[in-house]
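What follows is a pair of complexes built around chain A, which joins chain B in one and chain C in the other.
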Partner chain A sequence: MFKLKEVLNRSLLTPFNIIAGIIILIGLIITALRFSGGLAAVTNLSDYNPWGLWIGFDLLCGVALAAGGYVTSAAVYIFGIKKYHSAVRPAILTGFLGYSLVVLALSYDVGRPWRLPYPFVVQAGTTSVLFEVGACVLLYLVVLFIEFTPAASEWLGLKRARNLVVRLTMVLTILGVILSTLHQSSLGALFLIAPSKLHPLWYSQYIPVFFFISSIIAGLSMVIFEGSLTHRYFAEKMDETHLREKEDVVFGFGKAASFVLAAYFAVKVFGITMDDNWHYLSTGYGAWFLVEMLGFVALPCLLYSLGVRERNIKLIKWTAAWTVLGIVVNRFNVCLVAFNWHLPSSERYFPSWMEIGLSLFIVTVGVAAFKFIVTYMPILYEHPGYKTPHP
Partner chain B sequence: MSVSRRGFLAWMGAAGLTALSARAGATPRHFEGYPQSLCVLHDITLCIGCRSCEAGCNKVNELPAPAVPFTDLTVLDKKRRTNAKAYTVVNKFTPPQEGKPIYVKNQCNHCLEPACASACFVRAFTKNKDGSVTYDASVCVGCRYCMIACPFEIPTYEYNEPLTPRIMKCTLCHPRIAKGLLPGCVEACPTEALSFGKREDMIKLARERINKYPGRYVDHIYGEHEMGGTNWLYLSGVPFRNLGMREDLGVTPAPDLTSGALATVPMVAALWPALLTGIYAISKRKEKLSTGDSQTAVAKAVAEANTKAQAALTAAVDKAKREKEEAVQKAVKMALEQSAKKTQAQ
Partner chain C sequence: MEFFTLQDFYTYTKGIAYILIVVTLIGMAGFWLYLTDQDNDDRE
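== the complex of A and B ==
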């Protein structure tokens, strides 16, 4: 349980708290500027570049990197790989925090954030891919919240609520996979309407498939990457089961990531072939495309398989971090680098320091919330009072 | 095809009622615009770059006064685009082969099937029967997806408004044409660079001009088919690509670009539960089988252990019995021997 006294007695001036405090302070100042001066006061957005870092990073990367929730719960509850069970709760927590932060970031980016429910309560624009994204993200946020409640209920001692939700595990998992399939792919489908603006090497009929498959890669890699971080900083919170299963998770997910990366490489090649875009490879954009494909898809695919073969945990962990970076590179390419490629450089977009500052602020809020929750709630260990397996 | 019909079809699709209706969004049928819808024909060869249309637009739409007056033609030296304070701008181009500059007016083209309306998740845009595409700020969330979607890069945003930003764009003077008036720009044009009328009449007029003066025009009515067609048409003496107008947009209306992806939504929603439950059932059965196997193995081991223990027990009992018998026999023998010794001694 949360002990106020204990918290007050501890020194608040830890390095983490100081850095996080500064970033949050800057974030609050940017918040004030955004809601007093409009987007022009804090961003480099323009009429040519309506979407910037807050969409490219906070929304597109945020949603992709929060995919660990549906990937892990599907592996454990649908595919029945019980030995990854201890990875479910941290993944669900990351997913829930990730999606909450996406909504938080969107409330800075859209003009009138209090109208975000309008498509569902006032007037529905069902011909829009964004409508589908919005609906699925909203529903999935609810699903993730419910999936997260057992941990909170155990912490708060709400036995009945906890047991009720645990019985819903299967339904929630299936719902989560459906909603994730739909909105992860739809984030890519958003760009289907702009073939004249997105570079042909990134524009494809298959872009929804690319986004969905790469979200699986992102989910698997994030679970490994985040697991190595939590093990480093919260090892004392982990129970024996968690510590014992940790290696299984790293090897199992690394192997899966290697396979999915190979499949992803193949579908990307098919995409280029279908539209016969090979000749673009000799251009500057082509070189950058090759960097993405070889450096951030083929290379991690190879390194993951090598790591699994040699039972090299360290290699797999570094590969996971590299793959996460690769997902960010891909989303940036689609949304920022290859988008508006036809415009002269004077009309192109580069984020302002305040846009970067606010994105850092959002990430910091997420890390602080994660830290608080794993410190007080049974995320990395089984609550001793509950014998039945938890979701 | 009206947006509302598309909306209805998408709802049908979203509800998973029938895949067929969702697919209907991508039928080869081509929507040729509302009959009698109105249109502007911009004859670029007649434009003198006086910016009167900009002034007229600014006045009738009550837009803020510009930093430099509309009579100042030096602004034409730099390429401009529509912005939150200007629904229309005139740009000057000097293609290398041409000696004199060419002026082109730029504003919303009022697509027959608008990308902005198709992309809006709150239906803030309406394709009206008069041909205009209008915007309703009272529902707009300010996501700016319309600006991403528009192939002509027309919608603009009030980036300076902190809480009530609107999308700003030409309305084809929808309120004025309802009253029988001309759009502000058309009314202000001192030459005949802008003609206003029914779309089919404007297409006829454009064709007539091309046929009458084949040397004066390129044989292309821009907007007749671009992005499925628009309610704003252009005639030019030089290829449009030399005037900053894209000729690679294709003839597919914007809604058709996303209808396929949207059509798969009900499929995923309908098929995934069955697929996932199937995988779950297989993994569950596997688990059951393997626990069954291990149970048999345990039973077998227990049985074996039991038999062994039984055998050991029996052996032990036998041994004990034998030992006991031997002891008895030994005792009897000893007693007999003793009694024999006694008898001998007596």
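== the complex of A and C ==
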């Protein structure tokens, strides 16, 4: 249970709290400006560039990097690889926080956020890809919340509620995989409407497939990356099972990430082949595309495979961080760099400092929430009162 | 490469795609063996 006395006895002036406090304070000021002055008061968005950093980073990267939840629970509960069981709760928590922050960021980005429920209660544009994305994200957020509740219930001592949700584990996992498959790919499908705006090297009729496969890579890499950070900063919270299974998770997920990266590279080559876009590779955009493909896809694929074969845990952890960065680069390229590529530089979009500040604010809120939950709830250890298998 | 009909275009692009599919399938199988042969050695 939450021990207020314990919290009050500790000094609140830690380096993390000071930096997080400053970022959150700035974020709150930007929030006030955003909702009092509108989007124009804080962003560089325009009619040419209606999707900026908040969509490119907070939404597209946020959704992709939160894919660890469905990837890990599918591995453990559907494929039955029980040795990764200890990774499920941290991955579900990362996913739940990630999706919650995506919705938070979206409420800043849409012009009239109070209309966000409209597609569900006023007019369902069932032929719209965006409707499908919205519906899946909403439903998946609910699924992630229910999947997260066993940890919260154990913390709060709600034994009956916790046991009820544990019985639903398989149903929730299947729902999670279906909903994730749908909306991870549909986020890519959103760009199918703009074939003339997105550079041909990034645009393809297979872009939903690219987004879906890269989300699996993001999920696998994020579990390794987040696992190595939690092991570094919350090692004292981990029980024996978590510490024992840690290496299995790193090697197993590293191997899977290497294989999926190879498949992703092949599918991207198919994309170029089917549209006969080879001649673009000799242009400036082509050079940047090659940096993405060779530096952030082929290189991590090779490094993961070397790490797995040489049993080099450090190499895999650094590769995971590099791959997470690669996912961010890819989503930035699709949404910002290669989008509106034909416009003169004076019309191109670059985020304002307040857009960057708000994205930092949202990430900081996520990190602070993760820190709080991992500190007080049984995420990295098994609650002594619930030693039976649980999600 | 210059194309005059859609059929020309698809004949060219799909021709390359089919070759790539064969190369990829063999390559992926080989890569999987490369990734997992360490596990097999450990098991033996």
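To be clear about the criterion, the second predicted complex is superposed on the first by the 391 of 391 C-alpha atoms of A that agree within 3 Å, B and C clash if a C-alpha of one lies under 4 Å from a C-alpha of the other, contacts with A are read in each partner's own complex, and residues count from 1 in each chain.
Basically, a residue touches a chain if its C-beta (ideal position, glycine included) is under 8 Å from a C-beta of that chain, and two chains touch if they have at least 3 such contacts.
All figures in this text were calculated on a predicted structure; none of them were measured in a lab.
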Practice task
Could you say whether A:177 touches chain B, chain C, both of them, or neither, answering first, second, both or neither?
Solution key: first
Handout entry: Contacts of A:193 with chain B and chain C, given as first, second, both or neither
Key = first
Exercise for the section: In the overlay, answer first, second, both or neither for which of chain B and chain C A:259 touches. Expected result: second
Practice task
For A:236, select first, second, both or neither according to whether it touches chain B, chain C, the two together, or no partner.
Solution key: neither
Problem - chain C versus chain B, contacts on chain A by residue - result: B
Practice task
Have a look at where A:309 lands relative to chain B and chain C in the superposition and call it first, second, both or neither.
Solution key: second
Completion exercise
As the complex stands, chain B meets chain A at residues 3, 6-7, 10-11, 14, 25, 81-84, 115, 117-124, 139-145, 147-149, 151, 153, 155-166, 246, 248-250, 254-255, 257-262, 264-265, 268-269, 272-273, 276-277, 279-280, 283-284, 286-287
Fill in the blank from the handout: Contacts from chain A onto chain C in the complex sit at residues 255, 258-259, 262-263, 266, 269-270, 273-276, 305, 308-309, 311
Exercise for the section: Would you pull the chain A residues touching chain B in the complex into a rising list? Expected result: 34-41, 43, 45-48, 50-51, 74, 77-81, 109-113, 115-116, 118-119, 122-132, 134, 170, 173-174, 177-178, 181-182, 185-186, 189-197, 205, 208
Handout entry: Footprint of chain A on chain C - complex, ascending
Key = 1, 9, 12-14, 16-17, 20, 24, 27-28, 31-32, 34-36, 38
